[in-house]
Structures are given as C-alpha cells and as structure tokens.
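Shared chain: subunit A. Partners: subunit B in the first complex, subunit C in the second.
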Partner chain A sequence: MRSFLGKRAIASGVSLLGLIVLVFFLSRLTGDPTNLYLPLDASTEAREQFREMHGFNDPLIVQFGRYVADLAQLNFGQSLRQARPAMEVVIEAFGWTLCLAAVTMTIVTVSAIVIGSLAAFRVGGIFDRMATFFSLVGASAPDFWLAIVAIVIFAVNLHWLPTSGTGSVAHWILPVSVLFIRPFGLILQVVRGSMINVLSSAYVKTARAKGVRSRSIIFVHGLRNAMLPVITVIGDQAASILNGAVVVETVFGFPGIGKLMIDSILLRDFTVVLAVIMVSALAIFIMNLLIDLAYAMLDPRIRY
Partner chain B sequence: MADHLLEVKDLSVEFHTAAGTVKAVQNVSWHLDRGETLAILGESGSGKSVSASAVMNLIDMPPGKITSGTILLDGRDMLKMTPEERRAINGAKIAMIFQDPLAHLNPVYQVGWQIAEMMTTHGESAENAKSRARDLLKRVGIPDPDAAMRKYPFQFSGGQRQRLMIAMALACKPDILIADEPTTALDVTIQAQVLALLDELQQETGMGMLLITHDLGVVAEIADRVVVMNAGNIVETGDAAEVYRNPKHAYTRKLIDAAPGKGEMPDERDRSGAPLLRAVGLEKNYGAFQALKGVDLTIMPGETVAVVGESGSGKSTLARAILRLDDPDSGKVLYNDRDLLTISDKELFGLRRDLQMVFQDPTQSLNPRMTVFQLISEAWVIHPSILPKPQWKERVAELLVKVGLRPEMASRYPHQFSGGQRQRIAIARALAMEPKLIVCDEAVSALDVSIQAQVIELLDGLRREFGLSYLFIAHDLPVVRDFADRVIVMRAGEIVEEGPVRQIFEAPRQPYTQALLAASLDPDPVVQAARRDARQQQKGLMPA
Partner chain C sequence: MTDARILTEETPKRSGAFSRWLSMLWADKFAFFAAIFLLIVLLCAILGPYFLGDAANKMNLRGRNAAPFHLRHGIMYVLGADALGRPLLARVIVAAQNTILVAAAAVCASALLGSALGLVAGYSRRSAAQWIMRLGDVIMSFPSLLLAVIVLYMLEPSVANIVLVLAITRIPIYLRTSRAETLEIRERMFVQAAKVMGASNTRIIFRHILPVMLPTLVTIATLDFAFVMLAESSLSFLGLGIQAPEITWGLMVSQGRPYLTNAWWLSFWPGLAIILTTLSLNLLSNWMRIALDPTQRWRLEMGGRKNG
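After this line comes the complex of A and B, so read on.
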C-alpha cells in the first residue's frame, strides 16, 4: 500500500512539473499583461515601471527560475488582478467549487444508483423508461443552453429563483440542477448496465435459490458488485466539476475555480492560472486515490 | 398425505427467443422421496436442468413460460403459490448447489456472512445463524472454521468452495437438496470426497437428493434411481443399476456405449530410434510458484503421449512451454536436434507449422468473425509455401470431410456449429499446417460423452493416416486409457510416474497414481458399489 502510494505520488508529481513548465511558457504567449492593467493612455515610463515591478522585463527563463525558486518555498506569487497571494485567491474559489461538486455529486450518485438499480431489475419497466429518457436528455442538452433557459424560465419569468450569486440555498438550486443532468444520465446508464450484468450472474442465482428477498438481492448482493465500474465514472464526473464547471459557474456568476480560471486567463494573471492548475491537479490526484481505495474497500480481491 | 415428497407432473417449459420458440422440456414427470437420490442424466441441451430450475422458480419469465404441468411439494402445487410463498420455500425446504462454486458464491462478501444469510433470510437470529454457520463449516470439513468465517470465496480451493456451497445449502435443514453438476468442475480425487460428503449428509438428515449430471460415473456412485433425458423428453427412468444393465431406450444404450474407458489398450510400442521431440529439465516459475520443477519428456513419431494430473499439476504449463507459448525459465525442447527455446524467431516461425495445438474451448479459440474457410486457410496465408492459393478451396473442403463435416460448411461462422463440430473445425485448422505433432490441451473435456467418443475416434484415425504424434493433456483418465500409448502422471510440477498405458492403468506403481485411479468413477453402478465398499472397509481399518 505504501509503495503504491509512493509510486502514484511520484508519477503525479512528474506530470505536474511538466504541466507547470508548459503552462508557464504557453501563457506568456498570450501577450503582455501591462496593456490590460494600465490605462490606454498610460505613459511609456509607467508601463516600463509596471513591467520592472513585476519582473516582466527579465528573459523568460530567468522569470521561470525565479518562479520555481519561490515555489520551492511554497510561495505561489501574487495575483496581479487582486494584489494578494495567488494561492489565497485560488483556495477561496476552490472552496466554493468543492461545495458545489460535493452537493451535486451526492445528489447525482444517490439518485442514479437507486433509479439505475431499479431500472435494471425490471428492464422495460417504469424506472427503466425514466432512466433511458433522462440519460438521453442529459447527454444531448448542452449545459450553456440549459443554464440560460433555466435562468429565463425560473429567474426572469417566474421570479422563483435568483439568477446568480451564492447568498442562500435558493442561489444553489439552478447551478446544481444544471450540473446534475449530464453526470446523472451518464452514471444512471453505467449503473443500469453494470447491474443488468450482475443480476444475471451466478451468485445472484444462488441468492434467489436461497430465498433472499428481491430488495436484498438488488441492494446487498447486486449493488456492491455493480459499483466497481460505476465508481470510476463517478470519480471522473466529480473531477470534471472540481476542475471548474466553467460554463455553469460563469453563467450563474458562481465564484468557483472555473470562473476564476477563465477570468485569470483573460486578464493574464499568470500566477493565479498556475496556482489553479496546481490545486486542480492535487484535487484530481486525491480523487483518483479515493477511487482506488473505494475499489479495494468494495472488492476484497483488490489489494495494492 | 401426499404420495411423494416432491413430484413433477407433465411439466412443459418453453423459451421464446428471437430465433423462435424452444421447447426446453415436454411433459416431464418424475418424483423424489425422502432419503433417496434421483439422478437426472442427460447431455447438454437435453433439458436436464430445466425442471429443477422450475422447482426453484429460477426460470426467467419471460422469455421462459411454463405451458403445462404441476409441481407438488408435499401435495401442494408450487406453481399456484404466490411469489412470497415460493421465496420462503427456497433455501428453507428445498436448497440447491451448482456446478461452478466460485461463480455461485458472491465474491465480495465473507463466506460466514453468506452462510448465515441463508438462515437470517428465513427468520433465524443473526447470532444463532453465525454460530450454526461455524458448526456447518466444521461439519463439511473446512479447516479452521473460525478463520474461514471471515474469508472470501476466492481464498478457498475449488473443492472447499463446493463444501461451502453445501454448508450453505444445508443451513436450514432442507427436505430436498438439488445438486446441479456439483462435481463437474472438480478434480477426480476432490469429486470423490464431495460425493462422499453428500452421501454422508444425506444419511444424517434423511433429505431427498436430486442430482443433475451428464456423468454416468456420478450416477453409478450416488444415485438410487435415474431419469435419462434427451432433447427435452424423458426417454427412460428406473433403478440406476437396472438401467445400466438393461437400457431399454436406444439413446440410453448409445450413452452407455459412448462412456470412455472400456476399449482395448494398445501394447507397448517400440521406442528405439530417433524421438520426434524431447524436452529436458523444463522449469517454469510464476513468481514464487513453481509450476514446472524440471520435467523431462520424449515423444516418438506416431506416438500419443498423455499427460494426466489434477488442476495445478503443471500439465498445461508443460504444453505451453513445449510450444513456446510461454517461455520456460530453463531446460531444453529438442526438435530435429534444434532447441526450440534458443533458436531465432525466424527459425521458430518455420518450425511452428510442425507443432500445432488444439485448445479446450473451441468457442474461445476460433475467431467468431471469421468463416470456417478463413479460419482454416489462414494457415496458408501465414505459411504460403504449404499450398498455392488456387488449391485452397479444394483443400479446405477435403479437410472438412476428413474431420467429418461437409464442404459447404466452409462459408459458415463458428457460432453456427455445435460444440463438437467447432472442435472438429479447430482440428481441421491444426491439420491445415500438416503438422508432425498436435498438442491437445483438454481438447475433449468440454464435450458431451457421445461427441467426445467421436472426436477421439477422429484423432485416432488421423494418427493412423498421417502418422501424427499427439501430446494429449487431460484430467479424464478413462479417455486417456482409450487413446494414449504412453501416460505421464504429473503432480505439483513434477512427473510422479511414467509408463505404457497398460502398465499405468493395470499396475500403477506410485501411491498417487493408485489414488487417482481409485477416485475415478466407473459408469457401472455394480463396480462402483464394490469400490465404495472397499473404500469404506479401508477407512474402517485405518487408525483414526
């Protein structure tokens, strides 16, 4: 287990380093931040002073060396836009996204598992039809469209819910609902398929021959076996929300990491972009680790 | 009071599939009394399991449909009961064990829990269930029951898993135990132990036992009465010994005649001269597991060498090592004075066509997306020197006739054939290379006895016609007895005994060979009863 963890950490660390190098140099290609931060009529001296202050005059390689040296002391640099430590900005936004992801994925997982299992138990029944309908809708409706339509209907026309922000529970309903649809459809289908497989397995036949009740066959004998492929997809979907549900966060003005990322790229706030990438990478690393642990927990045959 | 404990009357079951309606069983009637063992004997597709599935309510409806009949349990018609009533009977009054215990135990729950669940489902308290589960594990001979309670199915051996299934089935003291091919996946020595355990438990509890099998030997060992099924119908029923002695129906006779192990054994061959292939000191390790511990073997031209052994003996590893499908760790395989293990890939490629293999399961070894013509002619695509393209069609037709199929079948796909026919295709494919040696890895094990006899006959004919040699890997001793010239007995990666087939079967020298032969079941109930008595006496004489 320990060597497994070590190997994983090293592999992830190496790819993270590569990513930092790539992003550091590529983001510089987008242009000079000076033009965005100073007024159009700012004097040449002022511009020069701005560049000097933030070190943009040095050769790129020197800038990179300085960045890495700071990084080694866990100094992630200052945000240009907000004039405070980049990491502070990122962690604040990440907290919001984490909440959003946790709430959404909990609702998605519970409902997809219950409806998907019942759909698999009676193929062609009411739950099965619901499952097929929702997954089709989920897969085909683009989220930016859903988000805008939802705002038009529920916020603008009906005045039931606010359009954006995070003040109360009501603020969360629309973003969570829109984020819910796609992973729900996807996970539902995986649960259903996996469960149909499991329910036709030999050990379920044994359970029926034992006289085990249907509910117990589905949720005790079936579900634990059916969960293995499902967990992979859940982790994958959770990671994609954690990485920034860019569209949904932007449309609903949600102060999460996706919105921060877009804003920072547009405003060439390089240190924040890099910090976002590092936090996301860490989140995905932890996510994958949790998936592996969940595998081992569910299936005694899997050991690391 | 009902006439019988369980009685199936005029049962007919259909399955509606895309290809049409299949009548799985038609007007089947049988009954089972307390304390007796009834065997339903039949080959694959005979419908032998269907009536038992109907009793257990395991037939999925749709696509299945019970079109007629009654199933009386203590005089009550089970087919008229509510689903909840049926559920309450399963496990409590009628329990069932299956062929492949690894697949039939839930892989992610501890076995103690799985056995206890049988009892808690039928109303026992968790605490009592747990303590009885422990007693049951002890009763069926699982070592260290306390630790075993917390283990998972994959941590047991095949024989132990079947014992776990039996412990689970007997947890609620059922009146009836249905055993569907309970020992088919097990080694002979383990099979004998499991059948003996079932017999003992039946005598202890007085339960009625319904045994579903394809194996005359199992019937001979354990059944009082037998029902013979063919194509969904009962063709004969009666006392097991009587049916074997005086089979009334032509199908029963055919089945009994096809049972292997009765043929004349060949005399010892002259083994002087140059061997076709010689393996010296083969070793193969998988991690810490030693699969082969220095195995030597010689195959003469035109000779059939059988390698027998139980699972884990290394017999399949040996076959794969000789063909270099798996590289052994050390040793030599000499063919034409060349060591197959050290020659260049190019040279090996040239020699590949001389050494062919026929695998156990033709469903998996034949590419489902290739026609029979493509499967057989692929040999000549790879080795174009064997046959110029214009002659392919003619030669494929010839080969198909040779293996007992028809030339026009060349355009079909593997799934359009039966298991026996598919194995014939696999043999035709091997023959297309015009090999000197064919390695058969359990090539007839998956086939029904009547088909098995035909395939063995085919292989034997080809040997005489082309002077082929065979390396015949098998666990089934009677088949080996009929087919082999020479027998190698393997255990735990080593050769225990080697000799001409007559010596091995009539005068085995090593205790392990003797034990294997003793555990092997004879299809004759009288012979089998005599062996059973002898075993019992031996047991009585042995110190406890």
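After this line comes the complex of A and C, so read on.
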C-alpha cells in the first residue's frame, strides 16, 4: 500500500511540476497585465513603477526562480486583482466549489444508481426506454443553454428562485439542478450497462432460483458487483466539477473556483491561476486515492 | 459527418455491405432517425453558406427581434429574427458549417495523433512510453480555458486556432484508450503468433492491432464529436472561441443572452440545434457500439428487441 501511494504521489508530482512550468511561462505570453490594471491615461512612469513593484521587469527566468523560491516557503504570491495572498483567495473559492460538487454528486449518485438499476432489471421495458432516452437528452444539452433557459423560466418569469449569487438554499437549487443533468445521464448509462452484465451472471441466476426477493437481488447481489465501473465514472465527473464548473458558475454568479479561474485568466492574475491549478491538482489526487480505496473495499480481490 | 464516413468506409469491402448496414440501422429506429438528422445537418453545413450566406447577414431593422412563427417577413423569418433583424433560420443553417467543421477537424486531429501516440506507448516498453503518458497527464490537467486564451492572444482568433485548442485538449482520451487496448491486444495469441512468424513491428501494429481496436476508437470519436461540439460552444459562449462576424451555434446562444427576457428565441433555436445534433450523435454511437461489435451484432440483425 505504502509503495503504491509513493509511486502515485511521485507520478502526480512530476506531472504537476511540468504543468506549473508550462503554465508559468505560457501564461506570461498572454500579455502584460499593466495595461489592464492602470487607467488608459496613466503616465509611463506610473506604468514602469507598477511593473517594477510586481517584478514584471525582470527576465522571465528570474521571475520563475523567485516564484519557485517563494513556493518552497509555501508562499504562493499575492493576487494582483485582490491584493491578498493568492492562496487565501483560492481556498475561499475552493470551499464553495467543494460544497457544490459534494451536493451535486451526492444527488446524482443516489438517483442514477436507483433509476439505473431499476432500468436494468427489465431491459427494453417502458421504464428502461424512458430512462435511457431522457438521460441521453440530458447528456446532450449544453449546460450554458440549460442555465440561461432555467433562469428565464424559473427566475425571470415565475419568480420562484433567485437568478444568481449565494446566500440561501434557494440560491443553490438552479446551479445544482443544471450541474446535475449531464453527470446523471452519463452515470445512469454506466449503471445500467454494468447492471445488465451482472444480472446475467450465474450467481444472480442462482439467487433468483433460490427465490430471493428481486429488491435484494438488485441492491445486494447486483449493485455491489456492478459498482466498480460506476465509481470510475463518478470520479471523473466529480473531478470535472472540482476543476471548476466554469460555465455554470459564471452564469449563476457562483463564487467558486471555475469563476475565479476564468476571471484570473482574463485579468492576467497569474499567481492565482497557478494556485488554482495546484489546489485542484491536490484535490483530484486525493479523490483518485479515495476511489482506489473504494475499489479495494468493494472488491476484496483488489490489493495495492 | 460520422455516419457518412462509416457508410463509405464499409461499402467497398464487399457487395451488399451497404444494404446490410442500412438494414441494421433500420433495426434501431432511434439511430435511423439520428442518422437522417445528421445527414441533414451535414447538408446544411456544406450547402447552407452558399445559398443562405447573404440572407443570414442581411439586416432588416424593422424586423429587429421579430417573434417566431410569423410569415410576415417571409419564410426565412419563421424562427424569428435577431437583434439586427437578421433571420434566425438562415443564421442557424449557416452557423452549422463552422460548428460542424470545428468539431470534425478537432476530432480527426486528436483521434489520429492520440491513437498514434497511444499505440506507441502501449507497444514499446521503452521509457518513451512513460514520457508519453506523463505528457497525457499534463495535457489533461492543463486548464483548457487558459490554453484557449493563450492561443487567442498569441495567434489570430480564427477557426483553425479553435480547432488547435480543442484538438490538444482531447488527445488524452484517445491516448489512454488506445494504449489500454494495445496493452491488452498485444498479449493475445494471434499477435504472439505473428511475432513468432517474424512479422515486423509495423505489420503487427497496422495489420493485427489497429483493426481490432478500430471499432472502439470510432465509437469514442462519435461520442467525442458531441463533446467537442459542446466544448466549442462553451468556449464561444465565454467569448474565448469563435469571434464575430463568424458564427457558430454556441456564439449565437451567447449573443442572444442580453435579450433573454424579451426575445427568448435568439438563444433558444441555436441551443436546440446543439441539443438535437449532440443527441443524434449519442444515439448513433450507441448503435455503433453494438453494430461494430461482432459478438453483439446479432441483436441488430435479428431485428425486434435489441436494447442492452
């Protein structure tokens, strides 16, 4: 187990290092932030002073050396946009996204597993066809479109829910429902496919022959064995929300990591971009570990 | 796009293959209508700009935000008009070209490059394989938004550059799939036999490994086509993709956003076009997963109940 963990950490660390180098140098290619932060009529001296203050005048390689030296002391730099430590800004936004991902994925997982297993129990039946078709429709809809259509219907016309922001439970309903749709469709398909395979296996037939109730066949005999591929997909989907549901967060004005990311990229807040990348890489690393642990728990044959 | 490729790919193999595939397509009604819809979209994409290019850009200020389902301004205005009075029906049809072109080019490029790299990574045991996989990890975790901004800033915002961004971000999918498949196939008996008989590496890869994993790759590519379309739409929606005056469906949705409360049709129709196209691709890829799998194909050839 320990050597497995070490190997994993090294591989991820190498990738993260490469990523940081790449992002550091490539993001500087997108232009000088000075013109974005100072007014148009700022004097040349003021511009020069701004660059001097934030160290944009030094050669790139010197800037990178300074960044790495700071990083070694766990100093992630200052946010240009908010004049606060970059890590503080990122952690704050990450908390919001983590909540959003947790709430959405819990609802998605429970409903996809229940509906998917029921659909697999009677393949080709009415319920199965409906579930398959609607999950496909859901998986095909672009989330920005769903988001704005939902805002028009529920916020603007019906006045049931707020259009954007955070604060009360009502603020969460629209973002969660829009985020819900695509992962739900995908996971439902995987649950269904995997359950169909498991339900046609010998031990399920035995259980049926013994007269075990169908509910416990589905949820006890079937589900546990059908869960392995499902967990992989759940992990992928959770990772994509953790990486920032950029569009949904932007449309609903949700102060999560996706919105932070796009704002920082557009305003050339390089330190925040790098901090976001590191935090989400760490989160995804931890999540992948949890998924591997879940594999081992579900299937005792898997050892690390 | 994709269905046309499948059909032309299969026809020369043996006579009657075309009608065999057609009847297998007919066996799954959803897939059949999906294929027909995709053909129509493809036709719009190819012919639309030639016939409707002018109509799509003709402003008619008296018809600003004209409501849909009226023939007052002519047949082109049946879906309404946008904020400059340009007919939405014509615009949706013309925008199909860029949307389909970008997605097709990105999918082809990433599929070719990704599966070639995956084959190498799976087939060779040297350290190159490790490097390719690490490269895949880096690409996978590189924020695609940042990539889009970098490309937009460094190069001109053009259709080709969006294709570049999307193609790069999708490489890991093919890389991982083809590597995993190669690792599995290379251990099979027929590959071992070919090796023992002294076949060269190129021959083993192209004659023995590639044909076995092609169905998987084609299915993934179809599914990915839908994904890339959505990704391009999201990028255009965020203002990082195709730039006006070029149009795509995603850009049209975003252009309609300010008028959402009083003219919902501006965003609704292009969004619907995206949904229907993606849905058709998903349905078709479901069908392909069965049709290209020799052990499952009987479900379609028998007709009748075939789900699962």
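Assume the second predicted complex is superposed on the first by the 302 of 304 C-alpha atoms of A that agree within 3 Å, B and C clash if a C-alpha of one lies under 4 Å from a C-alpha of the other, contacts with A are read in each partner's own complex, and residues count from 1 in each chain.
Operating definition for what follows: contacts are C-beta pairs under 8 Å (C-beta built on N, C-alpha and C of every residue); 3 or more make two chains touch, one makes a residue touch a chain.
None of these values were measured; they are calculated from a predicted model.
With both structures placed on the common chain, the touch criterion links A:262 to subunit C but leaves subunit B unconnected. In the superposed model, A:202 makes contact with subunit B only, not with subunit C. Looking at the shared chain after the overlay, A:142 reaches subunit C, while subunit B stays out of its contact range.
In the superposition on chain A, A:168 makes contact with neither subunit B nor subunit C. Using the contact criterion defined above for the overlaid structures, shared-chain residue A:211 touches subunit B, although it does not reach subunit C.
Applying the stated contact rule after C-alpha superposition, one finds that A:35 touches neither subunit B nor subunit C.
Set against each other, subunit B and subunit C differ in how many residues of subunit A they touch, and the higher count belongs to C.
Once the two complexes are overlaid on the shared chain, A:225 sits against subunit B while remaining clear of subunit C.
When both complexes are overlaid on chain A, the residue A:301 reaches subunit B alone and has no touch with subunit C. Applying the stated touch rule to the two superposed structures, the subunit B and subunit C interfaces on subunit A have no residue in common. Residue ranges on subunit B touching subunit A, taken from their complex, read 56-58, 87-92, 95-96, 98, 100, 103-109, 117-118, 121-122, 152, 154, 165, 168. Residues 30, 134, 137-138, 141-143, 145-146, 149-150, 153-154, 226, 230, 233-234, 237-238, 250, 253-254, 257, 260-261, 264, 267-268, 271, 274-275, 278-279, 281-283, 286, 305, 307-308 of subunit C are the ones touching subunit A in the complex.
Only residues 201-203, 205-213, 216, 221, 224-225, 298-301 of subunit A touch subunit B when the two sit together in their complex. Interface residues of subunit A facing subunit C in the complex, by the touch rule stated above, are 11-12, 14-16, 18-19, 22-23, 26-27, 29-31, 123-124, 128-129, 132-133, 136-137, 139-145, 148-149, 151-152, 156, 196, 243-244, 246-247, 250, 261-262, 265-266, 273, 276-277, 280-281, 284.
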